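Two complexes follow with chain A in common, the first pairing it with chain B and the second with chain C.
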Partner chain A sequence: MLAQLPLDEQAILTLAALVMFTSFALLAQSRVVPMIHVFAWQGLLVAITTGLVAFASGKHDLYISALLTLLLKALFIPWLLHRLVTRLGIDRDEHGAEHPATVLLIGALLVIFCYYVAEPIRELSASITRNTIAISMAVVLLGLLMLVSRGKAVAQVVGFMSLENGLFFAAVAATHGMPMVVELGIAFDVLVAAVIFGVFFFHIRDSIDSLDVDQLNRLTEKDQ
Partner chain B sequence: MNALYLTLLLPLSASILLAMFGNRRGAAAFNVLASLAGFVASAWLAWTVLQRGPLGGGTGQFYIDSFNVYLIALTALVGATTSLFSGPYMAQEQANGRIGPGRLRLYHASYQGFLFTMQLALTTNNLGVLWVALEGATLATVLLVSLYRTPEAVEAAWKYFIVCGVGIALALFGTVLLYFAAAQVIPDAENALLWSVLAEHAAGLRPVVMAIAFVFLLVGYGTKVGLVPMHTWLPDAHSEGPTPMSAVLSGLLLNVALYALVRVKILTDGALAGSSVHDPHLAGYLMMGFGLVSFSVAGLFLHRQRDIKRLYSYSSIEHMGLMTFAFGLGGPLATFGGLLHMTVHSLTKSAIFVAVGHASHIARTQAIDSIRGLIETQPAVGWGLLIGTAAIAGFPPFGVFTSEFLLLSATMQSYPWLTLPLLAGLAIAFAGLFRHLQPMVYGDQPDGQQAVAANMWPVALHLVLVLWLGLSIPAFLATWFDQAAVLITGSGLL
Partner chain C sequence: MSDWLLALLATLLFVALAPLFAAWVKRVKCWLQNRRAPSLLQPYRDLRRLFAKQVVMAQSASPLFVITPYVIAGATLLAAMVVPFIAVNLPTAAIADVIVLAGFFALARFFLALAGMDVGTAFGGMGSSREMTIAALAEPAMLTAVFTLAMVASSTNLSTVIEHILGQGLVLRPSLLFVLLALVLVGIAETGRIPVDNPATHLELTMIHEAMILEYSGRHLALIEWAAQLKLLIYAVLIVNIFFPWGIATHISATALGVSIAAVCFKLMVLGMLLAVGETVLAKMRLFRVPTFLVLALTLALIGLLSHIILEVG
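Let's turn to the complex of A and B:
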């Protein structure tokens, strides 16, 4: 079936599959620095896919989005995270999930679920990216899964940003990007969020002497 | 349009100025001045809309109609009165050594930045920009929640950031799906997220896509509204941040998130109206369910609180649940009640938080067990808290009673059996508030407890307004509520 599609569509699908693969790699990766690298690769793949969609669909606005993604997700945020973990001296730490195999299994189930939910949307779409809507949704949910399965601040931030990648990818896949003003607004929010996350790493370390956010458990409704 | 630009630019420029000079001596006064100027601009805007009808719309980036005009004025009013309270309060915090001048600069800049994002979210016609503004509101306030840098404050801020960040990310996914549905019926893609354009084409939007989009938007914006079970950030952020922040979070942010939800509900209702696959009232049923659960759960949680600010933040969840239920119920009567409830809850709750701030300064703690004898020590604060709580619990003749009465009547009309959980919930919440309040205001004062410099004018002003709204709603406001009800449900009350 894949061979019947035009060449650019095949390329987009392959790249989309690679993006989802990096999501799984993030779920499985427990060491901090490789995790940041995988995240950077994911950003790069999303940027390339966006550029390819821009080329194939002739929507030149998308080149700007692709460039923004490249700068923000593939270069700036990984660089910032890398710098922070070096300065905090946690670049050799293990930040893995407690039950990695279970998490990966849940991840696989999420992908199947996404194909099921996205089916009616896929049928309505006439765009060349219709087959990637389910993948983008899966990247969102896999990012969410990473966020909830990790107890360390850095891993949670990477999960959060990977979720953002999925959202951006969804916008590209479903509708060839959002209107420019929205696109710019979202990029600005992501940038500010990344900087604030950086500030927070220091706050958390100052308050509990580590970045193990599972230890942040004083505020509950349980009787102490 | 000038009034609109002023409403937006005043807080934005004030935020930038305060980011540079916010630690100077006059910064608190400047904050008050900017907020008051913002209120004057928003009143001018409301006056213009009153004279000429809706502003903007079409393919413009801004749209002011009867649904958001009163919320804009309300936001500016609460922002201004809370800034009056925040000046002496933050000075006291600085005197107590809890924060330094650098943090004060951050505080002032974030305060105005937050007001800007609220006004942008309300005035914009673009649902994408609405999302950007609501995410911006999280970013503007997250560093304020951790302002005191205690382990609890950092924990609350981290939770706020992650929970609201993920919630709002799901709302963006919903917005993308909405855009996808819109792009199929609206020829010019640049205009396909404009609310006024979408509202015209609502009937043509694909029901299947809109149903999925609405679920994502409900969970996403519902997180910011504080709906159970996505509410976990709310009591933490309210209790650990500075009290003026709790006042504006409860009074403004929750309202604006609910406003966003109702805007997309209008579109979803339009799209599902003729659908055979989905129930036409799907959006309404979902909102009723979430609303009722939030209302009941929060009422029960009121009973076991030990921190005074957590107590009132659970009360906020309870009331937001009630409003969500009202909008979900639909029909002009319930919607009118919901709109009124948004107004009176915002005024009352911000007044209560001002009184709570002073009370916790008098007792030097936020622990309910240690706050005693407020009326004896400082009658203005004690009575302010007592009357405010009476108003929020729904005592007549305050406005909260009126809106809850309207809502109960509407429920009696369409779902008589649902009045039972509503009445039970109101009674439980009333008991939960007063069992804690009674000893705090009436009990004997501990030795050495002293009155503090308190500015109770904001409380008095808000409570008088709520009383006024309970006795008679001014004609122009009633007209706006009615027009908004026509917009939301298709038929009016008056």
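Let's turn to the complex of A and C:
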């Protein structure tokens, strides 16, 4: 039961729930700049949670992961996206899903699905963070839902990055993080991906004169 | 016997403080907007003036129009009795649980919507239709939040819920955090505050609550306004006493009750300030965005329910 846990473990669980909430906020947010801000908050929350897990479990290498997440997910990538959006001149555009209420309810169903999928894993694990496995899976699937439900490239990139947040969170929650080499590699990959996405934004806009990737479905310029 | 007397006194205090709370919110809003605030007693003077005035009624008004203010005031008064204000375990709290509380509000709203349409003016019907749209969306969110509370405390009785939360000391519960946010949103929508409805104007394009009571005058209007102020205070007391119950009297003694009254007044003052700040920094949103606002409240309540099941039970 929750009431018997020490305060730092309660804080981990609360932060995990807040990370899930930021995923829902990303799903609901239709403006680009607030979306990037929510994404930065999610990165910050994941970093704080990782730091707390490091504190509670006594694994010191997790502090490095927490610091990396903070620098990369909460500061650098949001800053990069923000700069790109300003330079592309789309910082006031609406990038929302077509039916935000339906998407939110599908998101709630995904969380229930994750709970049932994670139930057997939870039985096997003895770590204090075993309850957050379902939450981190939900963050992954909510990121996927955001990728699917949005038509604009920037929103999809934010969805992708939030999905990556979920994977990292799952690693921290289930096994107290991956080996340091793997984690550094993934962090570097995400960094490179962010830079390449930035270049792609300009290419997509140059070739189809819009960032609406639904237009990439058509092979010709003419409407059939 | 003394329990019943105390319960009666607590309800009287509750009812008497309702206009004061509304005046306090207004005063803080005035400070924030660089205006001169009216006296804290102004709502009481308004009510006295309205009670003294003659009642003017439309010729087409039916008896329903006449009984509605009394039904609304009665239902809201009963709701105020059920909510623990300064002490838990009072005999009135055992009469009804929080689902009945939602039922009292629904009863009052049903009669208000009927009365809005009764005279047959365009504004009344419009206000009723808007009110019911909002209510239909706010009620699921409210009930989901209530069910989460009930699961946390294993009871739907408000007094038991507060005692449970008080008894476990300082526990960080993600579910209660989300339920708090959901209840704040539902409370804003149900009591008609900014950004859902503006209580300060009669702007015909946007008004909801005011549109339904346009035809009322005299003591009828006074009862409806008092009930609206009471409803605001009920939501405020629900929020402060469920989520921050520290200070509420668990046994009956003069010191415990004194501490409890001081604590609840302090908490309500802080909450009123937060409400006024929120109303100052937010603009009223378009009516067609209100459903999205309430779906957000429902989602928050659902996340609260889910995080209770996922994180707290296992």
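Everything below uses one rule, namely that the second predicted complex is superposed on the first by the 217 of 224 C-alpha atoms of A that agree within 3 Å, B and C clash if a C-alpha of one lies under 4 Å from a C-alpha of the other, contacts with A are read in each partner's own complex, and residues count from 1 in each chain.
Basically, contacts are C-beta pairs under 8 Å (C-beta built on N, C-alpha and C of every residue); 3 or more make two chains touch, one makes a residue touch a chain.
Keep in mind that this is a model prediction, so the values were computed, not measured.
By the touch criterion defined above, A:A134 lies against chain C but remains apart from chain B after alignment on the C-alpha atoms of chain A. In the overlay built on the shared chain, the residue A:H203 is in contact with chain B alone; chain C does not reach it. The wider contact with chain A, measured as residues touched, comes from B rather than the other of chain B and chain C. Note: no residue of chain A belongs to the chain B contact set and to the chain C contact set alike, using the contact criterion stated above. If you check the complex, the residues on chain A that touch chain B are 117, 120-121, 124-125, 137, 140, 144, 147, 153, 156, 160, 163-164, 167, 170-171, 174-175, 178-182, 185-186, 188-189, 192-193, 196-197, 199-200, 203-204, 206-208, 213, 216-219, 221. Interface of chain B with chain A (complex): residues 61, 126, 128-129, 131-132, 135-136, 139, 142-143, 146, 149-152, 154-159, 161-162, 165-166, 169-170, 172-173, 175-177, 179-180, 183-184, 189-190, 192-193, 206, 208-209, 212, 235-236, 239-240, 301, 304. Interface residues of chain A facing chain C in the complex, by the touch rule stated above, are 1-3, 7, 10-11, 13-14, 16-18, 20-21, 24, 28, 100-101, 104-105, 107-108, 111-112, 115, 122, 130-132, 134-135.
Touching chain A in their complex are the following residues of chain C: 168-175, 177-178, 291-292, 295-296, 299-300, 302-303, 306-307, 309-314.
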